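Structure record follows, encoded as structure tokens.
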Amino acid sequence: MEKLNVAILGATGAVGQRFIQLLDNHPWFQVAELVGKSSAGKRYGDAVNWILDDSPPADVMDMIVKPLDAELDSLLVFSALPKEAAKDREPQLAAAGHVVCTNASAYRMTVDVPLLLPEVNHEHVGLIDVQRANRGWTTGALIANSNCTTMPLVMALAPLRKFGISKLHVVSEQAISGAGYPGVASLDIIDNVIPYVPGDEGKMETEPLKILGSFNGESIDEYEMVVGATATRVAVIDGHLVNLSIEFEENPSIDDLLDAWATYETPAEIALLPSAPERPVQYLPQIDRPQPRRDRMAGNGMMTSIGRLRECPILDYKFAALAHNTIRGAAGCSVLNAELLAVKGYLGEFQPVAIAVGD
Amino acid sequence: MEKLNVAILGATGAVGQRFIQLLDNHPWFQVAELVGKSSAGKRYGDAVNWILDDSPPADVMDMIVKPLDAELDSLLVFSALPKEAAKDREPQLAAAGHVVCTNASAYRMTVDVPLLLPEVNHEHVGLIDVQRANRGWTTGALIANSNCTTMPLVMALAPLRKFGISKLHVVSEQAISGAGYPGVASLDIIDNVIPYVPGDEGKMETEPLKILGSFNGESIDEYEMVVGATATRVAVIDGHLVNLSIEFEENPSIDDLLDAWATYETPAEIALLPSAPERPVQYLPQIDRPQPRRDRMAGNGMMTSIGRLRECPILDYKFAALAHNTIRGAAGCSVLNAELLAVKGYLGEFQPVAIAVGD
Amino acid sequence: MEKLNVAILGATGAVGQRFIQLLDNHPWFQVAELVGKSSAGKRYGDAVNWILDDSPPADVMDMIVKPLDAELDSLLVFSALPKEAAKDREPQLAAAGHVVCTNASAYRMTVDVPLLLPEVNHEHVGLIDVQRANRGWTTGALIANSNCTTMPLVMALAPLRKFGISKLHVVSEQAISGAGYPGVASLDIIDNVIPYVPGDEGKMETEPLKILGSFNGESIDEYEMVVGATATRVAVIDGHLVNLSIEFEENPSIDDLLDAWATYETPAEIALLPSAPERPVQYLPQIDRPQPRRDRMAGNGMMTSIGRLRECPILDYKFAALAHNTIRGAAGCSVLNAELLAVKGYLGEFQPVAIAVGD
Amino acid sequence: MEKLNVAILGATGAVGQRFIQLLDNHPWFQVAELVGKSSAGKRYGDAVNWILDDSPPADVMDMIVKPLDAELDSLLVFSALPKEAAKDREPQLAAAGHVVCTNASAYRMTVDVPLLLPEVNHEHVGLIDVQRANRGWTTGALIANSNCTTMPLVMALAPLRKFGISKLHVVSEQAISGAGYPGVASLDIIDNVIPYVPGDEGKMETEPLKILGSFNGESIDEYEMVVGATATRVAVIDGHLVNLSIEFEENPSIDDLLDAWATYETPAEIALLPSAPERPVQYLPQIDRPQPRRDRMAGNGMMTSIGRLRECPILDYKFAALAHNTIRGAAGCSVLNAELLAVKGYLGEFQPVAIAVGD
């Protein structure tokens, strides 16, 4: 199988670097173009201040970063652009025929843009047809993934949708990598907590309604529940922890909830995508888990870990959930989204090799 | 004025050290006896592994630590004993005529033991008379202060009692010093959050009801509200932060709440106690405060800082509160309690110099 | 006594804030003018992102920040400017008659600028007369203090000069506040060490020679020794630790060195300056001290702590030294320098009240 | 190929856990027996407080931990015992016919015990024959690996031996995992440096002489150089950084040193061992590397990273080196040692499958 060339927008930033790391040796996709603003025209190895472990993969080191307005050859484009840059450039690229999988927040809540999370709402890809019809796009498309703090919350809730979630109270303890680089100053966070993360409370209160909603063939019917969110920042490198309290319309027992998580399965075609974790969620029985440093890399950073389920005196139940914010919550989810698009036939002629069940 | 000699139980531990630090140069009290278990018989300077800043005050360095069962000369005894040791020894000392101000949890919820917090419930000292009558104690007494995480919560709520608090949802982000020494292993907390603190959720759900309750001359009528608590540990040295969501019976506005905190005053006799902060609470207008490292030393570690008041989609309002857990939340509150006992005449013949209003 | 008005250049930065904090309630000096670049024209309370504990003193909150090129009324000017801005502006202000005590590195090694450290080289103030003569300045002057990592090194060495220091090998473990604000990104330093601090190795290798040198009436004869320095950054808020290995021309014993530190005294006129610590250095006998968090505030952040003296298989002896980098190593030293200038008569007519020995 | 069963002594401790993690899916060895003291008789999954990422491998969870004095079935024994327990038990097991690869320090400097580091001194395995002859052991043997801080130092020096190292000055910045679990209290290390690590300075001053020495057929002729070491502890999870200054008998240039590291190769039979890194050392050209968090996992935690080579005003050159202390510096090296013993024929009948060059 020939790999599909892909471009990365915002390739030198924190999420851009994570895209490059995750796509290194990817079985289907090949990084072919890097795009940046201040780094345009430079050799990637010279332009990047690599903040992840180790060093950038050798084969991207010598690529010359293209300017933001460059015409791109790659059908598939991953975007790690900041919101404002994304706002302009992403629809232009989609209009020009590119499939843009974006981590930016600019269009997440736009009605004809799928806020895609394969295990949870793979049927939302149907919105791409609506989008193309609406906008007159042919091969192009724009697909968003959620905010990084929304991610563990939604992954933990998806298996519980069937019990009718009516109210959700969440307090997050978020990692510093969520703020990009240089991001949070060390003088602000060592021996400290910052009880405020700009913008994230609103995202946690709105994005889950769309993600958990159902596609009616034309648009998304939002899930009906009330969410109240508090976002705080702690001295953790990677891994967003959310403390959830939840009220159901129905009356599930503790065992019902545990069972819902334990038996939560995704269709085989999704479970077999290269970046899909073996299981989307795991429940940890230890009383002091999940913990960011110890559980963020579960499923290569793509699994959500849940723990501490117990009754809540205010709502019905309380528990904690955790996901890796720059893998599952950002670049990794975009890659998984693109893999889903591939098997669903939204990436032009590209056809991944048949994945045999049981592989 | 001659100072009153005091004894410190558990003098080498984390809270014991804080007692020694806070009582250094105290205007009324003089550390005269140190008591310990494994350190008994040793010179304090040799026995202690001093974990606070700097070094122990020179005048305690050469004191010989007395055994736990030693007869004590000091009327006033501060206890930093672990729960089990406290359970046995504290009532013995009170029965033997000592006034024991304890930081241990053993008797906090005992009906005839005041869970004292001078700015909030100074009238609970009346319970000492009940206690003495019940138990046949004459000069002795046992007075407890609250759990260190309960503290910021109760201090922030006290000015709001008048609006009728019906429900309280709290998620704490607690400092490592709350676990004593050696306490939390560094391998457990650096680049990490531990989403569980043994015992603290239950304490936050029960202690506030007693502290905010009213003394009916015989016992405490507990405040009626429902509390649901989640306790987590973060990589912070000192300062417990609590994220609160609250529902009122009445319908106060944002301004009503701000006004309640701004005008919260304590009787002059309490405000003038040596360890009392100028004001018990302060509201910080910055959107990202209170923060543990920057606000824990407000009022010499005795003031509670509040911030981020806003509406809550689930209950009525949300805000954050912070207090220094080993000063306001432990040793400092015990000392303030003892100061209150002094002016209320519960420390035998001891009479502090008259404090002039305006001093 | 009427206080002397002072101006602070670079008032919103990390060191500028420390100046404001240290000058709050200073017995001799009164902050009267704040100067900044991007903050010019704004109310200080609005312009500053206060990164120290608590909040700025109330009386500076409403001051309007003046532009960098403003004419100033204050005779005494403290500068926390970045190097480039300092290069231009500081000599202009000195030429205009102001006494500039600067923390910037621009002129530290300039031959007629004193690199002043009162306990160590107070006689270097004589260089001000040379400077004024050279440059035709009348009331103005420019006085520098050392790099923040040079500070603990020089303070620990000064008492040992008499043994003839020939070689010095130093490896520093420096706090993040040394890089200003926002300075070191949290993603770079949590769970990490950065084995390089731009510029600091060179400063440690040159500044001590001037500071420890002797004033010959016209210029400074540099102290003759060879210094080799390695500078690293660690996850510490404040407090630079240096690991020193040292070779002497003479043959002092361990006891000679301990005695030299124990008996190191400064002239009474310096010991009595408001910001002078009781003693400039202290030797800590515990095997695991000095430690940044526990010892940085010794002497209100102005004392240098030394420990771990032992023989070195390569040079003669090894030991560790520590000082607070933004107090003793920056703003605090500038203030102490200005206090020395006051008693030496270099601040125009200003005369501090006589300080009685024994006060 | 049938795998060789192995036992792990001290299986629940920090290094014991690392053994279990590294041996999970090892191509040659199979964990068959777990041995512990306080955990004896318990199911491993119940006894262990797993401090590494994720959870223990499923297949060890249900093993019952054997007591320290149990007779073992496995020929090969990995020891993570504390020094005192190792002192008694390791020679007993070797005398009983077991090949003991130990991480304990008890016998490192014993003349007939190889202090083995395959890339550096694989010929020291010959000492096993001497040992067996001395002690009348037949199939048994005792092989040690070095202290975790000695490791990066020795790995970086080995390629430079040929230039005649005469003096070495080292200052370490060590990770907390080096102290085991619970090890360093968080109250001691957050926002702090501890300038002392018990025992490690002596080990760094002696172990390298033996490791870099040559086997004369009967014993090790120690390498002749003088080492002076300072050991400090910093707030890093894993990865010991050493700052080295070095003096040579010969006069190598910077390029000579870089070339020595770049061309440092190990015999093919060692390079092909399952746990051997592709190259033992790498030189990082970035001015601020190596860094613990970013470089500790190079070569799956088995490669040593070097950087910042430059001239030293005191000795000849300075540079920094880094290795993962619980992988390369502990369990990983023991496993690599055992792999070397396998191909050298010291593990009884066990013969790993032929490893083809180029595999």
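Going by the order they are written in, the chains are A, B, C and D; count residues from 1 in each one.
In the analysis below, a residue touches a chain if its C-beta (ideal position, glycine included) is under 8 Å from a C-beta of that chain, and two chains touch if they have at least 3 such contacts.
Bear in mind that the values here come from a model prediction, so they are computed numbers and not experimental data.
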Most distant chain from chain D, judged by the mean position of its C-alpha atoms: B
Which of A-D and B-D has more C-beta pairs touching across its chains: B-D
Inter-centroid spacing, chain D versus chain A (mean Cα positions, whole Å): 39
Distance from chain D to chain C - Cα centre to Cα centre, in angstrom: 44
Distance between chain centroids, defined by C-alpha means - chain B, chain D (Å): 48
Junction residues of chain A, two or more chains touched: 190-191, 235, 237, 293-294
Sites on chain C touched by chain B in the complex: 52-55, 190-191, 237, 284, 293-295, 297-298
Footprint of chain D on chain C - complex, ascending: 167-169, 171, 173, 190-196, 205, 226-228, 230, 232, 234-237, 241, 243, 245, 287-294, 307-308, 312-315, 318, 320
Residues of chain B touching chain D in the complex: 14, 51, 176-177, 181-191, 235, 237
